Amino acid sequence: METDVLIIGGGPAGLAAAIETATRGLDVTIVDESSSLGGQLCQQTQLIRPLPSVYQPMRGFELAKVLTEQINDFTVGTLLNHRVIGLYADGSVGLSDEEKVFPVKAKKIVVATGAAEQAVAFPKWTLPGIITIGAAQTLVNRDFVMPGKEAVIVGSSDFALDVASQLLEVGVEVKGIVEKNPAAAAREKEKTDALIGRGIPFYFNSFIKEARGNGQVEEIDIEVNGEILTVSADVVCIDGGRSPILDSFYQLGCSFGYQKELGGWIPQYNRQFKTDRENVFLAGNAAGISQQGALLLTGMIAGISICEDLQTIRSGEAEEIRDALWEELKLSEYKDVWEGRTKHIEKFSSPVLKDQFIS
Amino acid sequence: METSYETIVIGGGVVGNGIAFHLSERYKEGVLVLDKKYPMSGTSGSTQAWVWVHNKTPSWYAEFNMYSAELYPYLSKKIGDVEYKRTGGLSPFFNESDREKAKQLAESYRKIGIKIKVLSREKVLEKEPFMNPEVAGATYSSIDGNVNPFRLIDMYMRASKKNGVHYSTYNKVTEIQKQDGKYIVVSDQATYVCKNLILAGGTWSRELGEMLGIKIPVNQLRGQILVSEPLKPFLNFTISGLRQANNGEVLMGYSMEQAGFNRATTLDVIQETANMAVRYVPALGKAKIVRAFSGIRAMPEDGFPILGKVPGFENLYVAATHSGVTLSPLIGTLITELILDGETSIPIDRYSLSRFG
Amino acid sequence: MHIENHPILGKQLQEPVTFYFNDQPYKAYTQQSVAAALMANGVKKFGLSRKLVQSRGLFCSRGRCCSCYMTVNGEDHVRTCMTKVEEGMSVYPNLEDPEVRREKHGD
Amino acid sequence: MDKTTIICRCEEISYEEVEEVIEHGGRTFDDVKRLTRCGMGPCQAKICTGLVANIIHEHTALPLSEIPLQRMRMPLSPIKLEILATNSTAFSAVKSVLDEVEIEDGKVR
């Protein structure tokens, strides 16, 4: 199979890249492991803001629908329920539909594989009922299943606080939010205050001492200022932050750098969102963890850059659009993320890890 | 930090560690092992780790491998459980026309004491019921087996350390000089002096030799291996091409490519290997593959070990070979004898670097 | 418990199906993953760990951690978070390493 | 952290076991992996990699940017062997052992 642009990952960034490239006449193929496009947006009921100026503010699942409809107007091949297995010697990407493995030869590849949730380990964190915060959201908003009756959340990122509200809305009792950092470090003051206002206890400077249960989690010990607080819970949601999913980049031979603000190790890339491997671009959380609106912008930049490379847009015009998107990106993400991204791009030609297969 | 040693071994792979351990059995002090990274990060950590004898050729080389395989049970007793299993080795063939070749092999090797049976299709399926019933036959020898390479190196290191061997890891050697009958070894972390120097750099032997102006003609040969998830024990033998490890994983692969030091895997070879594996053992088709890895074999130019004294250099020794896992205990024993006794219990002249002229 | 009426998304449960866990029938809906369907029915323990023989269930729900491995329709080690539940599906817990089953052949 | 805490869920490797490797000079994820099997299970280190990096960081004071990524490999997620075996009929690089036996004048060389 051949295509102009192969987009790995049909989440917001991948879809944004698909829209930019497909509307400019390129033959685009999106591959995604799940059965629908939209990625994590599909189960996000929170309002997404800020969004790029071309979109009205809306909830995540609505945005997924809007983006998917936009590509439906063009000839975009969608390989759902397909996953990337690896890479052939000639650079073709190997996909599987669970019946066979076959190569796809693409002129340009966009890796938009998103982010993985990081774990927080404590004694007996392997018990059933202890799940990631993302898993809790999927259960509630995609599968329409109550993950439990009494929940404790470990971590208090923006995302975790959104999910805490969503759990409350469907009737899960949130027995507490455990945060290892002090209250002063809270990034989402507004959301924190709102939850405190609804009577949700926040335990700052705290961590999970141990989980217990017979066959599944039944109670946990929280260490708060040296004291142990035992809380009964049948679901514990772990929010250990997120980091870019790198497997595809690694196989493609991309180099990496380390930017704490972007989620740790990330591929090297430049202002075009192009990696140091020929014809390999990237977008979204895979290029550094950021907010939904920013992820769309990164996909748009990658898309425009591909069109420029494949000459379906004039270079000057591409440069203008890209500059404008970068301006918007600056306003769409946290200041430290933006600064991390700027630093990362400056270090494009001096990766920390390269030639990882050469011994 | 100590920088003066009686003996320095450069290379902490299965060969270097084998030498260090066997030396440490006989003298307790003054051995240092240097590794550019951490032991197992090279060839020794990326192998199926067969202890394999029966169809190596020519016969004198098979004999050499047999002596080493015979040492494994004793090695396990000395350094601890390395998950060595003398499973017996089975090399299936699918064309009846190969039977003649197999018989000739068995006949030739009987003379040197390697017992090989040529099995009928029925016998193969009786021994290994999951083998493809289309198999025509197999050669079989009870001498073959396998070992856990990670355990092997771990146990070598623990035993050596107990005997007083020092290890310095993440310490790449950058320069070697000969001065006043001693060797000066310059590395990332320090400059060392030693009397005896052993080059056990595996795939990097050529580069090490160049530091002293010696040509050690070792090339690289890539092999790609697939690993399945753990399965209930169902394979009885080390089959040439695949084996089931102690924890139930099946390792499969027998590929050879020239790719220099590039340890990437490619779907092309992964798919070919998968094909080979399902052809050998069709029931494996449902098993899930969790990983593919590449190992770079150290391959001397003529395929045979380079062992012993380096001509023209007093107290300089080289041990560079393919089949390091199989040969490790024997090479360790022989190099130790060479250093401490000046001669070896089994002649190794054939393996001298001097053969390359 | 299934969420019949989601506060924001409304009534979304699609076609009901019956699937079997340890041969017992359970009710689920077609859009649900096998893992979610089990959790809706109060089943959280999907199997046992290999070494320490401890209970395991859903963890990442992204097909990455393999904690939700189960035997589905006779296939061992299926990632149940990535597999949609189907009418009549038969699900068993992951209790031990898969057994290799020999293909039937003519002799 | 409690020393018995599981770090690798698949292979059930504890904090203590990871710590021991670092005490023996290991400083990368892959060093820990080869000595303990941490990260060698079905998930192939997708969950434990960050946890191990943190332990190495705590014990060696190496900054996280100097603790390299684990080596990632194909297949990117587990796949049945029979699926992998599709679309390939060539045996160009994969050889059988018996092919290496060379016979000369009716005898093994």
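Going by the order they are written in, the chains are A, B, C and D; count residues from 1 in each one.
Definition applied: a contact is a pair of C-beta atoms (placed from the backbone, for glycine too) under 8 Å apart; a residue touches a chain by one contact, two chains touch by 3 or more.
The model shown is predicted, which means the values in this text are computed figures rather than measured ones.
Engineer: Of the chains present, which has its C-alpha mean closest to the combined C-alpha mean?
Structural biologist: Taking the mean of all protein C-alpha atoms as reference, the closest chain is D.
Engineer: Mind naming the chain pair that shares the most C-beta pairs in contact?
Structural biologist: Summing C-beta contacts for every pairing gives the maximum at B-D.
Engineer: Among the chains, which is located farthest from chain A on the basis of C-alpha centroids?
Structural biologist: Between chain A and the rest, the longest centre separation is with B.
Engineer: Taking the mean of the C-alpha atoms as each chain's centre, how many Å separate chain B from chain C?
Structural biologist: Computed value for the inter-centroid distance: 43 Å.
Engineer: Take the average of all CA coordinates in chain C, do the same for chain D, and state the distance between these two points in whole angstrom.
Structural biologist: The mean C-alpha positions of chain C and chain D differ by 28 Å.
Engineer: When the centre of a chain is set as the mean of its C-alpha atoms, what distance in Å lies between chain A and chain C?
Structural biologist: Their C-alpha centroids are separated by 25 Å.
Engineer: Two-or-more-chain contact residues of chain D, please, as numbers and ranges.
Structural biologist: 9, 41-42, 46-47, 74-75, 77-79, 84, 86-87
Engineer: Name the residues of chain C that each touch 2 or more other chains.
Structural biologist: 49-50, 54, 59-60, 63-64, 67, 77
Engineer: Of all residues in chain B, which are in touch with two or more distinct other chains?
Structural biologist: 41, 229, 265, 267-268, 270-271, 284, 286-288, 292
Engineer: So what shape is it, when you link every pair of chains that touch: line, ring, star, complete or other?
Structural biologist: Shape = complete; every chain linked to every other.
Engineer: Which residues of chain D touch chain B once you look at their complex with the stated criterion?
Structural biologist: Answer in residue numbers: 24-28, 30-31, 34-35, 37, 40-42, 44, 73-75, 78-82, 84-98, 100-103, 106-109.
Engineer: Could you please specify the touching residues of chain A with respect to chain D in the complex?
Structural biologist: Touching chain D from chain A are residues 83-87, 94, 96, 98-103, 116, 118-119, 121-123, 125-126, 210, 240, 243, 246-248, 250-251, 256, 258, 260, 264-265, 352-353, 356.
Engineer: Applying the document's contact rule, which stretches of chain B touch chain D when the two form their complex?
Structural biologist: On the chain B side, the touching residues are 38, 40-41, 45, 55, 57-59, 91, 93, 98, 101-102, 104-105, 108-109, 139, 150, 154, 157, 167, 169-170, 224, 226, 228-229, 240-241, 253-257, 265, 267-278, 284-293.
Engineer: Enumerate the contact residues on chain D facing chain C in the complex.
Structural biologist: 9-12, 41-43, 46-47, 77-78
Engineer: Contact residues on chain D for chain A in the complex?
Structural biologist: Listed in rising order, the residues of chain D that touch chain A are 1-2, 4-7, 9, 15, 46-48, 50-51, 64-65, 68-69, 71-72, 74-77, 79, 83-84, 86-87.
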